[in-house]
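Below: the structure, in structure tokens.
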Amino acid sequence: MLYSLAIKNILASKSRTLTIFLLSMFATAFFIVYVAFTNGSHEQMIKSSVEIYTGYAHINAKGYQEESDYDHLIEDAGQIETFLNQKPFVSNFSPRFETYALLSQKEKTVGSMITGIIPSRESSFSHLKSSLVKGSYLEDNDTRAIYIGSDLAKRLSIDVGDEIAMISSSLDYSTAADLFKVKGIFKTGLFDFDSSSAFVNKTYLDSVMMSENKASYFVVSFIDNKAADHYVETLNNDLPQNYEALSWKTLLFDLVQLIQVDSLFGYISISVFFVVIFFVIMIFNYVNIYARVRQIGLLRALGFTPKDIRVLLFNELLIIALLSVSFGAIVGAVITYYLEIYPITISGLAETYKEYGIISDTIPTHFDTFTIIWNALSIFILNISSMFYPIYKINKLSVTEAMRYV
Amino acid sequence: MYKIAFDLAWKSLIRRKTRTLMVIMMIALSLSGLLFLQGLYDGMVSHMINTSIRSDSGEISLYAKQYRLEKTIDYHIDDPRAIKAYLHQSKEIDAYAIRLSGEGLVATAHKSLGATLKGVRLEDERRFGDFDTFLFQGKFDFGPKKQEALIGFKLAEKLKVTTGNRLVFTAQDASGEINAISFRISGIIKSGNLAVDEGSVFVSIETMEQFLALPNSATQIALRIKDKSQVNSIQSMLQKKFSTLDVLRWDELYPLLIEMRDMMDIFNWLSYAIVFAVAALGIFGVILMSILERMREFSIMMAIGTPYKNIRYQVISEAFIMAIAGYIIGAILGLGFLVYTASSGIDLRYYQAGLESFGLNAILYADIRYHYFFQAFASVFFATSLSILWPLHVLKKIKPIEIIQGKML
Amino acid sequence: MRYLLSFIIILSSFLYGSEADDIIKAVEDNLRGDFMYAKMRMIVTGQRGERTIEMESWSQGDTKSFIKILYPKKDRGITFLKLDTQMWQYVPKIERTIKIPPSMMLQSWMGSDFTNDDMVKESSMIKDYNARLISKTASSATIELLPKPNAAVVWGKIIVDVDISNKVPTKEIYYDDQMQKVRIMTFSNIQRHGSHNLPMIMELKPLDAEKKKNSTKIIFEKVNYDTPIDASYFSKNALKRYSN
Amino acid sequence: MKLTHISKIFFPNSLKEVKALVDINLTFEDGEFTTLSGESGSGKTTLLNIIGGLERPTSGSVFIDELELTALSDKQMADYRLRHIGFVFQAYNLISVLTVRENIGFIMKLLRYDEAKINKRIDELSGILQIEDILDKLPGQISGGQQQRVAVARAVASRPKLILADEPTANLDSKNGERLMKMLRSLNEKEHVTVIFASHDRYVLEQSKRIIVLEDGAVIEDR
């Protein structure tokens, strides 16, 4: 009875119902899109740092993070290879051999990081290949070909096709030296990386450095990179004693903290937003209820108890809240989904800020069902919590007060 | 007649205390939150800009052409005395700092790292950017024999050194010779400028001139401009005057900071827009509802001859009384937050690594600027104005007699 | 290899004639020659086991020296030239001469526990220390060397044991600024070559925790102090010319 | 006051077309105490609204003295209402946020009477209408009968030429209704205001000096 009366009431005062409905719906949609933007930009930050080169997880010998020298290498890369092959949740992996070397061209000599990679395997989960700006990417059978960062190329004043000398220490500490031809130049937008990195086909570099079947570390990506932490834990349980797996959260600790700080500020902003929405909905509920105070007085006169009134009003507001929040969630989700597929593009953004690692003109949005449900639920809870005071307030009026209320 | 309307508006608000207070609280709380956020963000950005200007670039820096690109002492300013004399008499320039820097290697018995050795005059730096306030540990002094150095705190951490320890700095001098020189650490600098904190060692410029075999030279002359609004014109004036040098503004030297400031501005603007869009919706709803609810009353007022503009004025007054009350409370509350955060700061030491990697202190301080309050007022005013348009439109279209006779209720 | 020795031994000719100074001066005079040719073996022990490098060195005074690697075969013909404080390396495999940049100075030299910096440091740094006699017997003395305030040296102090009669050091302990031991160098098998006494075996042991297993041993196989060395060894052309 | 050829058609030229008033011609003298009577839908309220300038007739004119009311603009009409006509509606006539005193004085205030004059008038009226005790109360705090008396006080306060009352007793019990009518009658006599009711309340009819009965938009009786 109370339920059908609630529905009748909702339908009776259409304009009020509609206002509350629209407000709550917009708030929900707004919130969902806002969070999607925030998460999108964080995702972008992670992507630009993690996916360009670092990768979602590393496996290295214990101690390598502290002292990245030849004493802390993976001595039997084949063993790790076999190990990773047996893990169904590992989607991709590739060994890297990183070493410090001198690159020299005529008068200029620059110390840089030379990394041996397996070009075909690398291209499937880092952005090395897509960051190519000139020349071409490495191939698995390349020998004296080097793929070099744009700023490093600038420092050495070299271009595609030029020859440069590399001198380093091979694994037995004998001098490893070779001449390479610049095959391609890349630019990821990460300045430090672009100004000090160069890549060589690992098979060939191994022959120069005597590092066959050795690796500095393995980069690993998973079938679901969001669960990287969990998989890393699993890997750590199974790995041979002297090896460790590290997730990007450990590898890029500063970045993770930065994102946390940014999220913290995001939450502060959102809480301001929440305060406003809370009040707005409460005010709307309040006004809505008070607009009908005479009717409520009448119902009380007819024998409704305050509890009946409470249930009645609660039902009414609950129905509106439920409908508006779910509708808002759907609208928000659709907008978010649309923006993820067709992101907002500000032309020239990448051009202007390419020095700082912004490599696309689009403003990223992240669609995530769980987040959307969570967001909608928060607004719903906000909605419900904003009902109590107005309902409490109206039940404090006596029947005659209510009936005479003008 | 406006007095009557205003009186009615005032009484309406007093009579409906709860909802009036709710609206005022909504405006006040959201406003104070926004003011707080804005101050905090501005505080962060201006802190970074400020420390970069104070610890390095000034508003304008002069370099030898090519130096910015090559960063070697081959491209130094020879004999800066003429420039110095000019700067000294120039009225636009508040302070200047002449520096001679060289890239090299800083070593202890255990470890060595690449770093920049900066020859400076502490007195000049103090005048230039209160550089002494960056001192984190030790004393702000190069010692009687100019054999002591100040070191960035991150570099000190990486080298595992502290005050009193000795460092050996190795670098190539002007003739290509690799020389070494040792310093004792007299103080540790924590400036918030990453380049300084992570990779700089400050020594006396006389020692540096000797060490690099570059007597009477400089790699950078940084200037503090008195009138910040004149920076661009002074830059072009200086560029004309010293055509053989690069004359660069701080924002050209630290473009990332500008980008960050722009981002923060966009973010602030967006927050304002979103929050006030919702707040406007709130005010709108309250006004609309209170009009719908009082339709009969307004109708009767109109029927007995109250002019429409009187009623309009009443509605406008109601909205703006709430808005202004909300603004005042919000502004006071926000100012309170800001004053507290500007003096005591917010302790985010938990996120220290992230913040410091960004060149920020783990304790954030807010900025307080007049324009926040004007901007906030404008926002409240705008949101309120916008939110009463539709309710007034509804009011204007009513046919009093129909409402009195119950056709619309 | 002259500079290697100078690096190890600290001479101080300008000090007023205390006994410690006299002893150090005597050692310096003994080790110093106008010219020096040496053929030696360097045995580097590290985490990965042991390897041997053979080389020849020509030097004149403190400031000029030339090194040629003879063994292992892979590295044969690699040459180093040091003039004053600068250092070049020639690699025959790529036929390139590279100037070692300052940023590489603290990198290990040929995988040993010596750094490039150790190799180029002038013996003039000897004037960076004040000597103090700690103990003395008829045949030996222990001397403490403390860096002078302005000296561009990383060590906090060095304790040297000297064989007085042969005018050679027997042991040197290097301390860092906090007076923690950083490395120990020992000298043995003293032989006479013309007018000079030389310890034919030198061993360097770093004491850092992560380098516990490391050590570098240099064994002199042939030494000649008294034959002048052609000036052509000390030019950049020599790097390639004497590579074979 | 003269009404000539007043017709009112709602929703003209549509299926819902209602002829509320058909060619009404009436004259009212000053000091009348008249009731427009008739069944619901007879057009009495519409006629009252047209007299009061709240509604415009589809055709015909209303003259008050020499002024053609129906020719005025909305704004002029509102001003005319303010100055010359007092209204009493069925219920909830009062401005809820104003006290009884402020409600009575509201029109006078709009007309810029000075404070002393307003207070004097309120005292005068509250005596007649027996509302002295509730002058400082809010409308929500007084009974329906009292509310209507206050509404009457407000309507007559500025001494308009004409008081129009639409079913003023409909929401009152008979006792309160009688009381209200008595008071209106005495005001009519004391202050010589013209009062026109729209009502079918028996008691209102009993008190009226003239009764005009409407049926289907036409005057069928005028006595």
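Odds and ends about this structure:
Here the chain labels run A, B, C and D in written order, and each chain numbers its own residues starting at 1.
By definition in this document, a contact is a pair of C-beta atoms (placed from the backbone, for glycine too) under 8 Å apart; a residue touches a chain by one contact, two chains touch by 3 or more.
All values reported here derive from a predicted model rather than from experimental measurement.
Contact count check for B-D and A-B (C-beta pairs in contact): higher for A-B. Taking each chain's centre as the mean of its CA atoms, D is the chain most distant from subunit B.
The mean-CA centres of subunit B and subunit D are about 66 angstrom from one another, to the nearest whole unit. Spacing of subunit A relative to subunit B, judged by their CA centroids, is 27 angstrom. Our note on geometry: subunit B versus subunit C, Cα centroid distance of 55 Å, whole angstroms. Among all residues of subunit C, those that touch two or more other chains are 103.
Of all residues in subunit D, those touching 2 or more other chains are 92, 96, listed in ascending order.
Within subunit B, the positions touching two or more other chains are listed as 297.
For subunit D in complex with subunit B, the residues that touch the partner chain are 45, 49, 52, 54-55, 75, 78-83, 85-87, 89-90, 92-93, 95-98, 106-107, 109-110, 112, 138, 154-155, 166.
Partner subunit C is touched in their complex by these residues of subunit B: 103-105, 107-110, 112, 114, 145, 147, 161, 165-166, 168-172, 176-182, 184. Interface of subunit B with subunit A (complex): residues 18-19, 22-23, 25-26, 29-30, 33-34, 36-37, 40-41, 255-256, 259, 271, 274-275, 277-279, 281-282, 285-286, 288-290, 292-293, 297, 348, 351-355, 357-358. Considering their complex, residues 63, 67, 70-71, 100, 102, 104, 109-111, 165, 167, 169-175, 177-179 of subunit A touch subunit C. Subunit B makes touch with subunit D in their complex at residues 1, 4, 8, 11-12, 14-15, 294, 296-297, 300-308, 310, 400-401, 404-405.
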